[in-house]
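So that you can tell them apart, the chains are marked A, B and C in the order they are listed, and the count of residues begins at 1 in each.
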Amino acid sequence: EAMSENLNGNVVNSKILAYKNKAPQAPEGYQNNMRVLYSQTKTPSSTRKVTRHIPQVPERILDAPEILDDYYLNLLAWSCNNHLAVALGNSVYLWNAGTGDIQQLMSMSGPEDYVSAVSWIAEGNFLAIGSSNAEVQLWDVAAQKRVRNMTSQSSRVGSLDWNVYILSSGSRAGTIHHHDVRIADHHVATLDGHTQEVCGLKWSPDGRYLASGGNDNLLNIWGYQCTREGNVPLHTLTQHQAAVKALSWCPWQASVLASGGGTADRCIRFWNANTGHCLNTVDTKSQVCSILWSKEYKELISGHGFANNQLTIWKYPTMAKVTELTGHQARVLHMAMSPDGTTVVSAAADETLRLWKCFAVDPQKKPAQK
Amino acid sequence: MAGVLQAAKNSITLKGSAEIVSEFFSYGINSILYQRGIYPPETFSRVQKYGLTLLVTTDNELKTYLNNVLMQLKDWLLDKTVEKLVVVVTSIDTQEVLERWQFDIECDKTMTEDSKPREKPLKEINDEIKAVIRQITASVTFLPLLEENCSFDLLIYTDKDLQVPETWEESGPHFIAKSEEVRLRSFSTSIHKVDAMVCYKNAD
Amino acid sequence: MDPMENSWELSKENVQPLRQGRKIANLTAALQPVNGQEGGLTRVQQEKQAFEAELRMYSGDDPFSVWDRYIKWTEQNFPKGGKDGSLSTLLERCLLFFKDDKRYSNDHRYLQAWIKFAGMTNQPVDIYNFLHDQAIGAQVSLFWEAWAWELEQEGDTKKADAVYMEGIQKQAQPVELLVRKQKEFQARVARATLEGGVPQQSAGMSGTEAQRVTLGGLRGQGKK
């Protein structure tokens, strides 16, 4: 209909002009590199020097029925007390990785509400829960009791992270709120640096910086000193060409941050948070959903979506591929690491959780220097 | 002083508006060429603009082509004779039109070079442009893979009675017969309004 | 602007790019939040059942046509590619069903389904070797091109070239496409060799190689 309008209307009343000298054509043999988006393309792996044994199959596979297939949520967290929190639909389950006990912690009351984020406090006794109806709940896990419900956000809370007693929440609307969980008037700061959903949120281990990533393709780095209003990021990093969800701070270099981009970007980038400089970048050829640094080795693991659904272990800083862990039948949405650093759990859209013992300490060999 | 500067920043003249619009096309067309894989990614470099990192070609021949077209476009924008700019993506082998990015340009014809400037914060205009370019980047979400090697052409729709310059020629509209179309965001300088849309071959 | 019109952008990371592109209406519908299970079957569930019924009832002379529509419908209506859509399961059912049906050995649509399936597996080249053994696709240039492309991705340019040669020799149709694709492929290899000075095994990897050297320099910086 728009076409016939064009044909009947505009064409008659206007002239269509083109420049006589045409634009050059792409060089011969050039093939659209976007093809990698549509199939399982192997990233060229350098000669693999296998330095240690990494089991290629998961140690365990857990069923995760009704886990929401949504990139923007954060539905997996592992506490220092070895409890794995998993949000499945409208409920949160706790799996005790030591004993194997399963417990349902809570369930949303509204029929259409669902849990959109979970995050453990460092001590492992409280779990923060974000929901589709914009709530930020705080649960005492031992007592199985909700102790707070903080309702300052106005849309879905898809990301949460802790800095001691400050809980930060990121929303679908792009706002980040700091909640001081000790005081009644919990909402102590608003960070306005994203125009679309905040899906990645991570405090640096020393608590100096907060990294936030959004569907607006921005990665912001914020200082810890924030006031209620008028905060601006220390750095706004615009290099990613897609949403930024995967964020992880280096455990041994306080201000080094790794970030991963979505489908139109596919890159892992490394940043110096002090200066905002990009230290390094690698094209992974598929959507990056999550990144974790190893505590034991100078390595990282990344979880991927379209089109490979794999986990990749990389050597840092060369970014040579150490190995790929495959088996998930749909994209890997989230990852978390066991408190001892040996095991990574991945949650995928195939409704399974897989536990990979990929960073086990090798008693025969001296682990990498810290 | 700061107040005067601020006011100047937010005052949009016809000339200023034509510059904003043609600059948008320069970055917008570069984004399309990069994101759609029409040229090798290594022939682009990253620049900061509109609070985004954008990719622009480093190929001299392509740069010259774009400059020539956009310089003429700017003149026509000043003359208020432009109605549309269209990016046509064609298969080199079959000559079939595979993709068509159409930007409809509305112009406030009452504006002259001597008119009192319009008031619109530059930041607001840039934010609107940013949103359009971000959608171009995200369009891989629904656009098909351009499997074959493609070339592109730029078509400019002008007033019917415009004198055609020697370096230009008349062209057909290069429609896609059975197409899917997606409207994208628009932006306005308060003098020119640009509506974006992309058409592509219908999936079976 | 109508927020519905931009829902594709707000949920862009939940959409798997599709080689043939997406219909925006289906995409927008599929990205709407799911509203519980009450109220019976959703439109998508009903349509899925209709396809399953048609598969059972079909009595015409082109049974593959139903599968073909079903596969394409699944791609359009499950943009996340997750468990619900289970495209790979559907493809597997379909491909095995017609594996020994000689009518389809050189059918474009059937080959396209195989190529789709290969793209979803870890070892796509194994799939092409299997098809070659089964003499499926030998007359279709699409098959040879897809196989050669996978080999090229793996850096096996020698084998990739041999695959092009064999396809051309077998006069797979349209053979002009294969001739052109081979020429383009050879130009890529030549350029990569020229630029990188790397052996032809690494064709297509020159960018990565160059990056590795740069990264090597970082190694010193990284250590304390």
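The rule is simple: a contact is a pair of C-beta atoms (placed from the backbone, for glycine too) under 8 Å apart; a residue touches a chain by one contact, two chains touch by 3 or more.
Chain-to-protein mapping (UniProt): B = Mitotic spindle assembly checkpoint protein MAD2A.
The model shown is predicted, which means the values in this text are computed figures rather than measured ones.
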Chain C and chain A - chains in contact with each: B
Chain pair showing more contacts of the two, B-C and A-B: A-B
Distance between the centres, which are taken as Cα means, of chain C and chain A, whole angstrom: 27
Length of the line joining the C-alpha centres of chain A and chain B, rounded to whole Å: 34
Residue list for chain B, restricted to those that touch at least two other chains: 134, 138, 140-141, 145, 147, 149, 181
Touching two or more other chains - residue numbers and ranges from chain A: 27, 30-31, 35, 37-38, 242, 263-264
Junction residues of chain C, two or more chains touched: 12, 15, 17-19, 184
Chain C partner contacts - residues on chain B that touch it in the complex: 42, 93, 134-135, 138, 140-145, 147, 149, 180-183, 185-186, 200-204
List of chain C residues in touch with chain B within their complex: 1, 5-6, 8-9, 12, 15, 17-24, 27, 72, 76, 180, 184, 207
Partner chain B, residues of chain A touching it in the complex: 2-3, 6-7, 10-11, 13-27, 30-35, 37-38, 195, 216-217, 236, 238-239, 241-242, 263-264
Chain A - residues contacting chain C, complex: 27-31, 35, 37-44, 46, 69-72, 111-112, 196-197, 199, 215, 242-243, 245, 253, 262-264, 279-280, 282-283, 287, 298, 305-307, 316-320, 326, 329-331, 349-351
List of chain C residues in touch with chain A within their complex: 10-19, 33, 35-36, 38, 80-84, 88, 118-122, 124, 149, 153-155, 183-188, 190-191, 202, 204-205, 208, 211-212, 215-216, 218-219, 221-222, 224
